[in-house]
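In what follows, subunit A forms one complex with subunit B and a second complex with subunit C.
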Partner chain A sequence: MFKGIYNWVDERLDITPIWRDVADHEVPEHVNPAHHFSAFVYCFGGLTFFITVIQILSGMFLTMYYVPDIINAYGSVEYLQTKVAFGQIVRGMHHWGASLVIVMMFLHTLRVFFTGSYKAPREMNWVVGMLIFFVMIGLGLTGYLLPWDNKAYFATRVTLQIADSIPVVGPYLKELMQGGQIVGAETLTRFFAVHVFFLPAVLLLLLVGHFIMIRRQGISGPL
Partner chain B sequence: MSNQNDHHEASQKPPGRKEMSRRQFLTYTLGGATAYMVSGAVLPMIRFAVDPILHKGSKGNFIKVVEVSKITNEPQEFSFELQQQDGWYSSTATLSAWIRKNDKGEIVALSPVCKHLGCTIGWNNDKGYPDEYHCPCHGARYTKDGKNLAVAPKPLDEYTVKVDNGWIYLGQIVPNKHVS
Partner chain C sequence: MAHGDKSNEKVVFVGDSRVRKGKGFIVPPDYTAYPGKSEAFIPNFLLKEWMVGVVVLVGFLALTIAEPAPLGYPANPNANIIPMPDWYFLFLYQFLKLPYASGQYVAFGILGVPGVAFLSLLLAPFLDKGKERRFYRRPVASSLMILSLISLFYLTNVSWTHYQNELKATGQVPEHIQREEEAREKRAKGLPTSSAIQQKEIAIVDKEDTAMETFKKAGCVACHAADLKGAAGPSLRGVGDKHNKDEIMKIIKEGYEGKMPPQYDNMIAQGITDKEIDHLADWLSKQKAAK
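After this line comes the complex of A and B, so read on.
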């Protein structure tokens, strides 16, 4: 039945080459943990992506209940976590995933560093990787404010204070991020917009670039 | 080799008038029109996003805090309320100040916000360092006058103080002027 549908579409649109190009390629022996167990370090990039997908999915579902408003934000998070079925699980995925994605990204970066894979011709992918790193940090910092509890509020005060300490532009940057003179209603809506729309959009573009470059250049050779 | 080239170019006069090709003309006009339309779409959004920083901050009014007679040499914490407008919310914020009379008899009101990264300091709240302000976050310490002793890069800020009819009024927060 599925084969029938697939063939029907394939006859008309010739989709086989598209997925072949994405998925059908050899995994070299030196990156295959089935050959050398130590090759598991090559999985960290894929694991980072896996958790990123979890973050995006769980985040999309969280926005079904979450409201970015200083009166109601905390209540909405409390409600979705305690009253909604599986709320604890979905929020838990997003909450713990946010830390795990940083850990995985860090391990992936270490692998790339110690295998020397950042060297020519892959320098540009190292740079894109660093940009992904900053976007991830941004997602973590903006997401952290959203529950609007004491920890969120004071952590954001400190984050903005760090931005404020940058010479010359610091105070303007802080006020721009804060959306005004204090951490308040306009900060929360701003952080929400950046967390949920702006940074994920940038992240997806960067990931596309990262993956296209990997396909073009292949995985780096054995040590 | 390059000498020969130079010689060759110098001998051939460039045309007196540069004609713009049709292709170039179209590139400029289409490019210009596109840039115009893109900026028409993007500029409103940028102005929209930066609006909060272009508002003039409300100039601090002075707020009545405490009677002068209550102030001693020892810093004491006093809190006071400030009406504030936060986007579409107006609310009363509770601020606090550590107020004391210094050796010259001036009234000094220090802001409790740590100059390291903005946690809240307290007076005499660390047994290891008596008679100092201490910040619980990363251990910044300050003297009675707010001079930074550890961790923090700057002395504690102070409120502008006005005394009227036996009462202390506090205004804006400014950099500390009582320590060097």
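After this line comes the complex of A and C, so read on.
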């Protein structure tokens, strides 16, 4: 029956080439750990994506309880952590996942660097990868404030001080991020919006670019 | 593909567009060119990867159960804690404390080293343009990277040990540990464990008292509302914390700050006795917020 439905849609939309283009390709021997164990270094990109998916899913569940205002933010996180069924696990996944995704991304970057895979024709994909790196760092930075506990508050104050000391643009950058004279209500809502809407949107766009380029250029050959 | 190349034509377009198909594109290598055992991505390879992924996922879930995500006390600008960014920023945090990267040199500290480092990382393919890919044949690029990695680990470690020593010197315990211990103690005593700032609603003391009737009859409700939460006038819940009985008596007789007219004569006209008024003032003075 599924085949019938598939064929019906395929006749009208010609969807076969679309998924074939994404999914139907060969994995060469030199990146397959089943053949050469050392090829596990080629798995870090996939693992980064895996953890990113976990981040997005757990983040979506967190927003069901999280309240982005300075009076209720802490309380909502505490409630989620201590009262909601599986809340501790969901928040734990998002919290530890945020660190794990950085580790995975770091290892992936080192693999690409030390195998010289950023060389022609893959320069653009390296640049996109570095942009993803910065977006991820930005997600970590903005997410850190959201629980609105002392650790979050003081770390953000220091971060904004550092931003402030950048020559020329610093003070403007600080004011833009802080949304006022102090780290307060406005800062929290800004960080929340950036963390939950702006950066994930940019991240998804960059990831699409990353994957399209990988498919067009194929993975780099053996050394 | 839906639109095949008609290779006998002079000008070939990309798909059904008007874009001419050039010869420039670097065609990805065909892996049949590499002798070896390549394998289909879907489903063969992805299934194996998924099996590894499941093991990772289970380990990860075990971690989240064994080690709950930390949470300290609600943000308080006057709290005395040692500010610490997340671990992956520590190297930068520590770097910016170095003498030649802080104070009057802070511009150099930010743009000079991390700025240049990240920019060259971003532009690495355009700086290291040789064809050689093996890292041991690219001494400059590789040694720069290894050097950066060493300083990364070094700075992170310095920052972390410094934090540990500071904690010891000031006798502080990280707040998330404090909070967890406090919650454990409270739970053992059967108390609520929350550390969130409570915005408690102040309750009416002695709601059933006859003074409530007087309050309504005298028309105070018109401005202070039947639930005492206030309308044109302010809320009178917890007013006993602000005024004692005599002051309230004076407010009733003389009005308040010119914004509340005197009520006494009007009340007497309504047939309310002095005793009832006295009792009302007494009752209001007992409206204190529960501690």
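As a convention for this text, the second predicted complex is superposed on the first by the 209 of 223 C-alpha atoms of A that agree within 3 Å, B and C clash if a C-alpha of one lies under 4 Å from a C-alpha of the other, contacts with A are read in each partner's own complex, and residues count from 1 in each chain.
The criterion applied here is as follows: a residue touches a chain if its C-beta (ideal position, glycine included) is under 8 Å from a C-beta of that chain, and two chains touch if they have at least 3 such contacts.
The structure displayed is predicted, hence computed values, not measured ones.
Using the contact criterion defined above for the overlaid structures, shared-chain residue A:8 touches neither subunit B nor subunit C, since it reaches no partner. Residue contacts after overlaying the shared chain place A:126 against subunit C, while subunit B stays out of touching range.
After overlaying the two complexes on the shared chain, residue contacts for A:197 are found with neither subunit B nor subunit C. Contact with subunit C, but none with subunit B, is seen for A:77 once the two complexes are overlaid on the shared chain. In the superposed model, A:157 makes contact with both subunit B and subunit C. The partner that reaches more residues of subunit A, of the two candidates subunit B and subunit C, is C. In the superposed model, A:86 lies in contact with neither subunit B nor subunit C. When both complexes are overlaid on chain A, the residue A:181 reaches subunit B alone and has no touch with subunit C.
When the two complexes are superposed on chain A, the residues of subunit A that touch both subunit B and subunit C are 70-71, 154, 157-158, 162, 182.
Residue ranges on subunit B touching subunit A, taken from their complex, read 49-50, 52-53, 55, 57-58, 84, 86-89, 93, 117-119, 137. If you check the complex, the residues on subunit C that touch subunit A are 1-2, 26, 28-29, 31, 34, 36-42, 44-45, 48-49, 52-53, 56-57, 60-61, 63-65, 67-77, 79, 81, 83-89, 93, 96, 106-107, 110-111, 121-126, 128-135, 138, 141-142, 145, 149, 174-176, 183, 193-197, 199.
Within the complex formed with subunit B, the residues of subunit A that make contact are 70-71, 154, 157-158, 161-162, 172, 175-176, 178-182, 184-186, 189.
Subunit A contributes residues 14, 17, 23-30, 32, 34-35, 43, 46-47, 50, 54, 70-71, 74-75, 77-79, 81-82, 88-89, 91-100, 102, 110, 113-123, 126-127, 130-131, 137, 140-141, 144, 147-155, 157-159, 162, 165-167, 182, 216-218, 220-223 to its touches with subunit C in the complex.
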